[in-house]
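Order as written gives the chain letters A, B, C and D; numbering starts at 1 within each chain.
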Amino acid sequence: MYSFVNDYSEGCHSSIMEALQKTNMLQTAGYGEDEYCAQAKEKIRRALKSDCEVEFLVSGTQTNFTVISHILKPYEGILGVDTCHPEQHEAGAIEATGHKVITVPNVNGKLTAEAVEKTLREHLESPIMIHTVRPGLVYISNATELGTVYTKKELTELHEICRKYNIPLYIDGARLGCAMASKECDYEFSELSDLCDVFYIGATKMGALFGEAVVFNDKKLAENFPYMKKQRGGLLAKGRLLGIQFSCLFEDNLYFKLADYAVKQAQRIQDALIENKIPLLVKSSTNQVFPILTYSQQQIIAKDFGFELWEPIDDEKSSVRFCTSWATDEKQVDRLIEALKLI
Amino acid sequence: MYSFVNDYSEGCHSSIMEALQKTNMLQTAGYGEDEYCAQAKEKIRRALKSDCEVEFLVSGTQTNFTVISHILKPYEGILGVDTCHPEQHEAGAIEATGHKVITVPNVNGKLTAEAVEKTLREHLESPIMIHTVRPGLVYISNATELGTVYTKKELTELHEICRKYNIPLYIDGARLGCAMASKECDYEFSELSDLCDVFYIGATKMGALFGEAVVFNDKKLAENFPYMKKQRGGLLAKGRLLGIQFSCLFEDNLYFKLADYAVKQAQRIQDALIENKIPLLVKSSTNQVFPILTYSQQQIIAKDFGFELWEPIDDEKSSVRFCTSWATDEKQVDRLIEALKLI
Amino acid sequence: MYSFVNDYSEGCHSSIMEALQKTNMLQTAGYGEDEYCAQAKEKIRRALKSDCEVEFLVSGTQTNFTVISHILKPYEGILGVDTCHPEQHEAGAIEATGHKVITVPNVNGKLTAEAVEKTLREHLESPIMIHTVRPGLVYISNATELGTVYTKKELTELHEICRKYNIPLYIDGARLGCAMASKECDYEFSELSDLCDVFYIGATKMGALFGEAVVFNDKKLAENFPYMKKQRGGLLAKGRLLGIQFSCLFEDNLYFKLADYAVKQAQRIQDALIENKIPLLVKSSTNQVFPILTYSQQQIIAKDFGFELWEPIDDEKSSVRFCTSWATDEKQVDRLIEALKLI
Amino acid sequence: MYSFVNDYSEGCHSSIMEALQKTNMLQTAGYGEDEYCAQAKEKIRRALKSDCEVEFLVSGTQTNFTVISHILKPYEGILGVDTCHPEQHEAGAIEATGHKVITVPNVNGKLTAEAVEKTLREHLESPIMIHTVRPGLVYISNATELGTVYTKKELTELHEICRKYNIPLYIDGARLGCAMASKECDYEFSELSDLCDVFYIGATKMGALFGEAVVFNDKKLAENFPYMKKQRGGLLAKGRLLGIQFSCLFEDNLYFKLADYAVKQAQRIQDALIENKIPLLVKSSTNQVFPILTYSQQQIIAKDFGFELWEPIDDEKSSVRFCTSWATDEKQVDRLIEALKLI
């Protein structure tokens, strides 16, 4: 049995494990005031060609609610798509900090500039405006929950609308590496410095044991953020663990190499699905693929491979998810492709 | 330069590092649904000789606010001493979940049953009771912030008052191992099952990279706690990291052995201080010691050793803290003791 | 110009004004501990033929967030229709207390038992249940935002589902009087004691200056509610103002008489609309009616009457709302009916 | 039996009752968008000789938590004295909005500039600053909980410290009229425009049925406040009730005349106490006086007069509070003075 259930089934890339081991008995300052964190921040700034502010946190949900509750006023909410992580899979974490998640329908997992403008305009023009929640931040994830990736044009349009209404654009980058590795991605990593106001570089799903790096392109948004890290539980006593891991990932482009590998494996699976005329819920360009399989097809595959049930389609079939990562065994992908041919 | 600044300057005990390495490429279920977490919970239950509920979280502040906000009603607060961690060092984390921290003066860092009863009685007898915050949980830490340890009699009295008023007693065990290793500790680890309603076994400061294990003696208090872990950011995708670490620590009593070592080293320092007639802020029986040093004495020691400034006494002197851990180098303790003789 | 914009354009019914005046210089205890509050609670209990708990609050939004945040656990949300007041018109008040508003599509403004069961079942059956918000209370308003009224069968089915899943059913009764006066209402006021777990009797829109009376059929849900009233800002120093007003409204069935009057006037308007073949957004049976008028028709009516724009239909027309109340001038209704004939 | 228990035992001043009656059946816009609110705001601006922003709310606790949660960042708390209302008597309302109440000892009920500066400096100089709560607003009440009044020098010094640290100074004016009527008050009402950044003019205890007017001297602090009024439950549908009442109070200096009367009556009582050598807890200059009476003295007075138990002194005596208001009957004060002579 080999698992394609998710991209966090294994530990971390060997170079990270080695670095953790090598540094294990060194004494450093606590709470991220160590040299490894400083180094990692510097490497990220260099990769982004930007003098941005970088802050490390532990997990994705924690990153979302800490950043969002730091930026919003108490009467503001975030605006995202109906399928977005804070709406669907964070157990009400944003609301627990006092803020509404306002949603609009997704288009292939994405938020459109039109939908954002319509929502913002409707709010401002409403005669009962103060009885409704003011959108105070636009939330997108890249790659999206459906494995799709924003184009440069799409990000630029979103950012322009946000600027017009003076609202920051935030990118949840839990799988940002995979977005960058997608063939649909027509921009460099460093261009993210201009394409949004704040984003995070996810590492939990991209080769680390855990860890997310928040990048504040707009440094004003970072003001006093360290208080929030502490208050919201994201400040590790041994903060260096985050510095060491990100330092590895941003050495010699490891982060992007691991992403390339993960995306390549998933795309091999998707190509095989297409070749075998198996329908897709959505065409993904990253490390998650979403075939629609009958329940009997699923039973066959499930003998040898783990995957995730996604959403029911009808009584006979549902979409499922196959997920790859930096840790995926290429030979198991070969085996899966063979198995898919036979169903 | 050798640091006695805190007990989280290094990584983790070698057996944990080895276990992390050995399991690194194994595939497991996410979010703590793996066998390592199951094993670790079972080992903790065995050590406690109890059928308690065990839940893992990442850091101490996160554990405090997640447990406390899970237990309290919106109109309740916690009751602790003025020096307690949530009051002093958690950046308002408890208040951020909507709850007041009600404080009474500490006695050697400890909360007394008398003070608890007085506060609870005053609340209940107040003619304007509903205008004041109802204490809904009694918070203590063991060892305390001042390195002192509750006796069995003290815990029993506190627990009795809590039961009388139907309020749970919660022990913050960030340094619980050190409490158990103290010569003042006149109870077994397993007796904690009866001495309080919920507590946590701290690992961040006791040999792990990170991690705290919440033990619900009163299993009703644990109901639906997993939602809270997710909502408050404490549910790691690679949850097994917590299982692996606690499984090591509760194998062959490692947790307690590491604590014994840490306490032994600190007590050697404290003995040397007493021998040299250096006054103490408080007599500690655990891994933190608090001499009062003149600023010129501090300058001498600071040439070779790191320590923490604690509180100013007057223009000439202050208390400082020397902290040891499982990782402390015994030879460096020897050197420190020599240095203390010369000031 | 006469306003049909809403049902809170005037002050209060004359009998309330007289009572306020008559009692003005009497000395009473503060914070609702006075005899008028006691009397009013007793009258409400008598009208409901029930030994329920009654608590007074000031306004509707305040009542909703105070009751809801009192009942829910931190990881729970409320379940309501997409058009419900907390979702649309309370400026994020529920979320500000930490809770998500989970919505399903409305059917004529109403929530169906099927939709509730589907949502509850999906939550419980979800493999990632703890990553989603647990519905902890079912919220409906009666009359609804669209002026429609739940039948006894509908309420019974909703309540059964709620009981099955052990979740309270809460009725927002901002316009409860009008619901009771509706010809669609096939139950007595006192039957509300069995048809839900908690509801509020709205007075702001039903003859009082302000005030809402929360009725806890399930008295366990009322436990310690007075702390919440204080904490959430709903405890008036001169709490008797609420007692005096509700005492008037529940004397000699005044509350229901005023509602009958309001509904009768609105239904006269709706009958005239139907007679004149003017389409309706929804057929209302209470004090709000929702014709669809072209913008040129609206211009004509707007010369003499105020009304509220509801929702745009297309470039030429929109729905609008005419609202009546206990204070509506019957002769102005006559005039409006005449005017509607001419458009 | 005549009550001196508090200053909210009666309804409202006759001129307010008349205005409510006279305007009762007029139709106005809802939610404070009416002409009476506009008028009242204008009158307050004129009295303050300032172009400030004015917003109405319903009650004192609501005003405190709405203003404070509007101004603070999530990682900030308020700084006040240990006896301040949010710390002692608001059921954790500030904490329920996520913020800590940081306290320092009071001096005659007052906060000193020294204590403020010390706290702010300690926070900024702390090596673990981000682990502690950042003071984000200085809270005082005037008159204080003990009936004392800030001098111009005291307010000026507090405001200077606040400006130095870039933190707003907020005055809770539940009894602001009485402060202005005090002989210790050496500034005009209009000077409050410069002596703080935001304050509220309490009316609940000063002649109205209910109502508090928040004055934002610093208009930037008022930005988007209406959303908060709605979200926190302070936006009355019949908002005009607040406009009508404040319009009366600021017509022909009624507010100040009522305060003068209340203070005069209380001072007569205090003078009598002093004359009879009855010790005082504190010397008040406003409408509350705090004699220390033996329990047997209290029994005698309690036969004819209501008063409030304040704090126990020892087994034989306690302080008590006599409170007067605009509604106090002068003849009853005469009777009380006579009674005090005989104990």
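By definition in this document, a residue touches a chain if its C-beta (ideal position, glycine included) is under 8 Å from a C-beta of that chain, and two chains touch if they have at least 3 such contacts.
If you're wondering where the values come from, they're calculated on a predicted model, not measured in any experiment.
**Student:** Starting from the Cα centroid of chain D, hunt down the chain whose centroid lies farthest away.
**Tutor:** Between chain D and the rest, the longest centre separation is with A.
**Student:** Once you count every C-beta pair in contact for both, which comes out on top, B-C or A-C?
**Tutor:** When the contacts at B-C and A-C are counted, A-C has more.
**Student:** Mind checking the centre-to-centre distance between chain A and chain C? Centres are C-alpha means, answer in whole Å.
**Tutor:** From the centre of chain A to the centre of chain C is 42 Å.
**Student:** Rounded to the nearest whole Å, what is the centre-to-centre distance of chain A and chain B, using the mean of the C-alpha atoms as each centre?
**Tutor:** Averaging C-alpha atoms per chain gives centres 34 Å apart.
**Student:** Quick one: chain B and chain C, Cα centre-to-centre, how many Å?
**Tutor:** 50
**Student:** Please list all residues of chain C that touch 2 or more other chains.
**Tutor:** 74-75, 90-92, 96-98, 130-131, 227, 230-231, 235
**Student:** Mind pulling up the chain B residues that touch chain A in the complex?
**Tutor:** 2-3, 5-6, 8-12, 14, 17, 20-21, 23-30, 58-62, 65-66, 90-93, 96-97, 204-205, 209-210, 227, 230-238, 241, 327
**Student:** Report the residues of chain C in contact with chain A in the complex, numbered from low to high.
**Tutor:** 74-75, 77, 88-92, 95-101, 127-128, 130-133, 309
**Student:** Chain B touches which residues of chain C in the complex?
**Tutor:** Answer in residue numbers: 69-70, 73-75, 97-98, 130-131, 134, 224, 226-231, 235.
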